[in-house]
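Going by the order they are written in, the chains are A, B, C and D; count residues from 1 in each one.
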Amino acid sequence: MANSRFEYVKLFEQPDVLLPNTWIVVRIDGRGFHKLSDRYAFAKPNDRRALDLMNAAAVEVMKELPDLCIAYGVSDEYSFVFHPSCQLFERRDAKLVTTIVSTFTAHYIHQWGTYFPDTPLQPPYLPSFDGRAVIYPTTRNLRDYMSWRQVDCHINNLYNTTFWTMVLQGGMSNTDAEQELKGTISSVKNEILFKRFGINYNNELDIYKKGSVLYRQYQLEEVKPKQSSTDPYAEEEAAPGQETTSRSQQDKIRKLRRKAQVVVDHIDIIKDEFWERRPWILSNKPGKLPAEA
Amino acid sequence: MANSRFEYVKLFEQPDVLLPNTWIVVRIDGRGFHKLSDRYAFAKPNDRRALDLMNAAAVEVMKELPDLCIAYGVSDEYSFVFHPSCQLFERRDAKLVTTIVSTFTAHYIHQWGTYFPDTPLQPPYLPSFDGRAVIYPTTRNLRDYMSWRQVDCHINNLYNTTFWTMVLQGGMSNTDAEQELKGTISSVKNEILFKRFGINYNNELDIYKKGSVLYRQYQLEEVKPKQSSTDPYAEEEAAPGQETTSRSQQDKIRKLRRKAQVVVDHIDIIKDEFWERRPWILSNKPGKLPAEA
Amino acid sequence: MANSRFEYVKLFEQPDVLLPNTWIVVRIDGRGFHKLSDRYAFAKPNDRRALDLMNAAAVEVMKELPDLCIAYGVSDEYSFVFHPSCQLFERRDAKLVTTIVSTFTAHYIHQWGTYFPDTPLQPPYLPSFDGRAVIYPTTRNLRDYMSWRQVDCHINNLYNTTFWTMVLQGGMSNTDAEQELKGTISSVKNEILFKRFGINYNNELDIYKKGSVLYRQYQLEEVKPKQSSTDPYAEEEAAPGQETTSRSQQDKIRKLRRKAQVVVDHIDIIKDEFWERRPWILSNKPGKLPAEA
Amino acid sequence: MANSRFEYVKLFEQPDVLLPNTWIVVRIDGRGFHKLSDRYAFAKPNDRRALDLMNAAAVEVMKELPDLCIAYGVSDEYSFVFHPSCQLFERRDAKLVTTIVSTFTAHYIHQWGTYFPDTPLQPPYLPSFDGRAVIYPTTRNLRDYMSWRQVDCHINNLYNTTFWTMVLQGGMSNTDAEQELKGTISSVKNEILFKRFGINYNNELDIYKKGSVLYRQYQLEEVKPKQSSTDPYAEEEAAPGQETTSRSQQDKIRKLRRKAQVVVDHIDIIKDEFWERRPWILSNKPGKLPAEA
């Protein structure tokens, strides 16, 4: 049956296809997690259960969307990265972002009880997330984005670790601790931790200091000593923005990617080494599965 | 502490503020619900539990976001409507859409067990939703959008009711039923239902025939007999797109809206009557709370 | 012959269709006209030849694009308005804006000699214009836009008239005149003009005080004394955003519009009267041609 | 003086900043030049005067906007290219496009008489141009865009040369010539030209076969024999999207660029050689001025 009299309203839908041949980063953030962490009594400065739950939900997103190359999480935020050659949902912005936000939320809510067995959710105060997509033209830009998040993780964690140690172990008021830390550089915070509390910040857990990196695991490559600095861009030659691989090839690649295990790592992603040993992340070409996988 | 070397990547974030003084419709859709309804054995043609769960999640979204005027749900989709004067999240597209998608998903997952007590969720096959925003310049366009969805509900439900009756009660194969219904007009389907199965389509439940309309409940207004046809546009004079109400006034209105009950109705929204008796929906001015609410 | 290896680059072109059922305003501005007006010795505060040249070029744009409803010019800027029902160039933003900018520029350059017979153009210092489109959802917004430009015209012209009279007739330095006028309200400027120089600002030419309004001339309508305030929106009922008129009807309307004379008026467009007597501007329906046209 | 009551309309202007660190191509096209070329009796298949006028106008655009790296023209179209590091007009789309369209139009109209001394413009039938911007993330994409246009030039020119020779020298009707050429490959057209008319297509003028390339002239570089294929991307390391050069440095570079002569070349831009010998085009770093410039 026709629905023609009203159907013209579809004309108001505007296209939102993201520019081809660019990296797509979808970053999601917990909505009102400051308040929420109080309500559910998250430990300070880091709640291991909450981080593990974030990572568990993110692993499910990575599994559901084999097009994702890598993800990086810190605190209540997570960044998911699609390769420039990605054609998922024809690269429609809203579709990509809402699929990730909704899938993440579904698993976060569903697994809450596993990670917080003694703290049931109190409706209507449920955790939720907002998100957005940003595109980056070059691999350098993408890597700088990832570095930006990891530097932020470091800055915030050093601050929070020092602040909460001063408050919880040092008995200071929030205001006094805040006042003393205002404008201080890293070395000052390290010193406060070490001199007053005997804490060596370097011994803190990597999950707190470096955040969580998710990617598919293949056999690591040896780093060639004379790796040229322009190598990271080599893949741009091969995939200049058009769909060069046939649909059946793409499906095959997707299957291969599904077979690889998604691992959760806490490791430096600013230096070259991480990327050079895992070339499949930037090249988007599946590596060799580990022999004993 | 500075994070300056990498912070330039923020410059790649592009603004996505929706045009002022337009209606914002956020429509969300179940992802892969055809497959999902098989996995969780939804009843055909309509599963009352699934619809009630959709409505329960939508009610929570309406409560959480008092800026929403009205919502309309059918099958696995829901449309949420913000008034042209809405300033929530500075009208940022991604923020509005992802907040609704995530809040909806969270409540849908969390209340699943209430509506499907005997059918636990089977991870990783969790329900999820995608969504997008569309803007409409005039009240006529918005009402035509709502009519479009309700006509669609009617068309699909009549088809599905006939099809599944032919299959489940008539013992036809899916293919045969599909073949017979292909291209038929409404009256033919009504006749099949009535003559072959003694079913009067008019007696089907309104929730199936008309979908679900959610709004805040105030005292209904008498419809004036000589209502001018241009009245619906009157509010556009009053709110030409700028923020005319102060922030404290807005907070007050938001509080008033929170007090009103969100009701779930199954009613015609194509004709004028629905809108004329509930002028607060299009005017965005809270009505009088029902005396005995 | 195929051009397939490189043709993928077309995929990077992103759609720029303007939201349906909205007013489209294309405003163009002279580039660097402050410097240019010195180079070609424009009279201060207003150069009648320069304004007449602007108007002549704008008339040609109106003639070339019968879809245009109205235009308003002041100083070195011009605003051209398309009706919400306009489908020209499928409402593509760049196409609409560049067509207007280029057509305007072409006529401005070509007619320069007519208006500045003694001041030939000195390449490479040629006049040029930039432009952009803005869309407005309601007639109220469009009229407020037009009012905004005319109020701006008044504010600037009163200032400039006073300033240049103080400098040119009063012998003050630019700095002193600027200093004295800083922060003054209208009445002060009126008084300076009248008391010091015997100039009654009201007697200044309307082209300077009110700018220039271009529209197609039909028989003016009597203003009905009890015109309802919502009438301006009546046309929105009739044309809710879809193409309701057939292509042949549209061509016919276009022909009718070409027959109407484009007039240059200097008149108040802030009050209702202008619009009520010329209902064809907002309704987009051609009126009756004047009997003695 | 305040203009506050109407000023809210400025809020409807939506930002249009182009993604940082991408190549910006502004392509302009003659509006209705098929008809126009009849009106002004352009020679077929190519009118040298018309092409020279296009090139003259494009040279003026290059001179006026030193941020432009290169331009390529064929028939009644011209593509102007800004470097990924370009910050002109804060990379606002409409501003960049309209400035180029208007400047080009101004010079085209103004120099018309120089190139068509015997064919004065006939208002209102003035030449005009529309235009749009497209962004490209990588140097490979940009070069493929340029190649696309030059291949198009070749395809069209071979067709037009053959078609018009068949018509003008061979006395065929337009329809017959069109019919015979339909679907033919290059070699067939070459053969028609050679066997029937004794024309060797290779001897046609390069301006017709290759179009026109505009760039600033510095000392050509020797092509190093073992040039790595990834070198073109080296500049992306240096300018990853942020403004790394100070404003004063930028002004200095702009001055240097103004000093360089803009040349009009008719040369292959598909192969690497053109780009390797003129590295300043892709690197955006001014080269050495020719000794005898």
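Just so it is clear, contacts are C-beta pairs under 8 Å (C-beta built on N, C-alpha and C of every residue); 3 or more make two chains touch, one makes a residue touch a chain.
Chain by chain, the UniProt names read as follows: A, B, C, D = tRNA(His) guanylyltransferase.
This one's a predicted model, so the numbers in the text were calculated from it and none came from an experiment.
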What chain lies farthest away from chain C once each centre is taken as the mean of the Cα atoms? A
Chain B and chain C: spacing of chain centres that average the CA atoms, whole Å: 42
Rounded to the nearest Å, the gap between Cα centres of chain B and chain D is 50
Multi-chain contacts in chain A, i.e. residues touching at least two other chains, fall at 8-9, 12, 14, 19-21, 135, 141, 144, 240-241
Chain contact topology (line, ring, star, complete or other): complete
Please output the residues of chain B touching chain A within their complex, sorted ascending. 1, 3, 6-10, 12-14, 16, 28, 31, 60, 63-64, 93-95, 97-99, 101-103, 105-111, 121, 123-124, 126-136, 141, 144-145, 147-148, 151-152, 155, 158, 185-186
Mind listing the chain C positions that touch chain A in their complex? 8-9, 11-12, 14-15, 17, 19-21, 240-242
Would you mind writing out the residues of chain D in touch with chain A in their complex? 19-22, 84, 135, 137-138, 140-141, 144, 228-231, 233-234, 236-237, 240-241
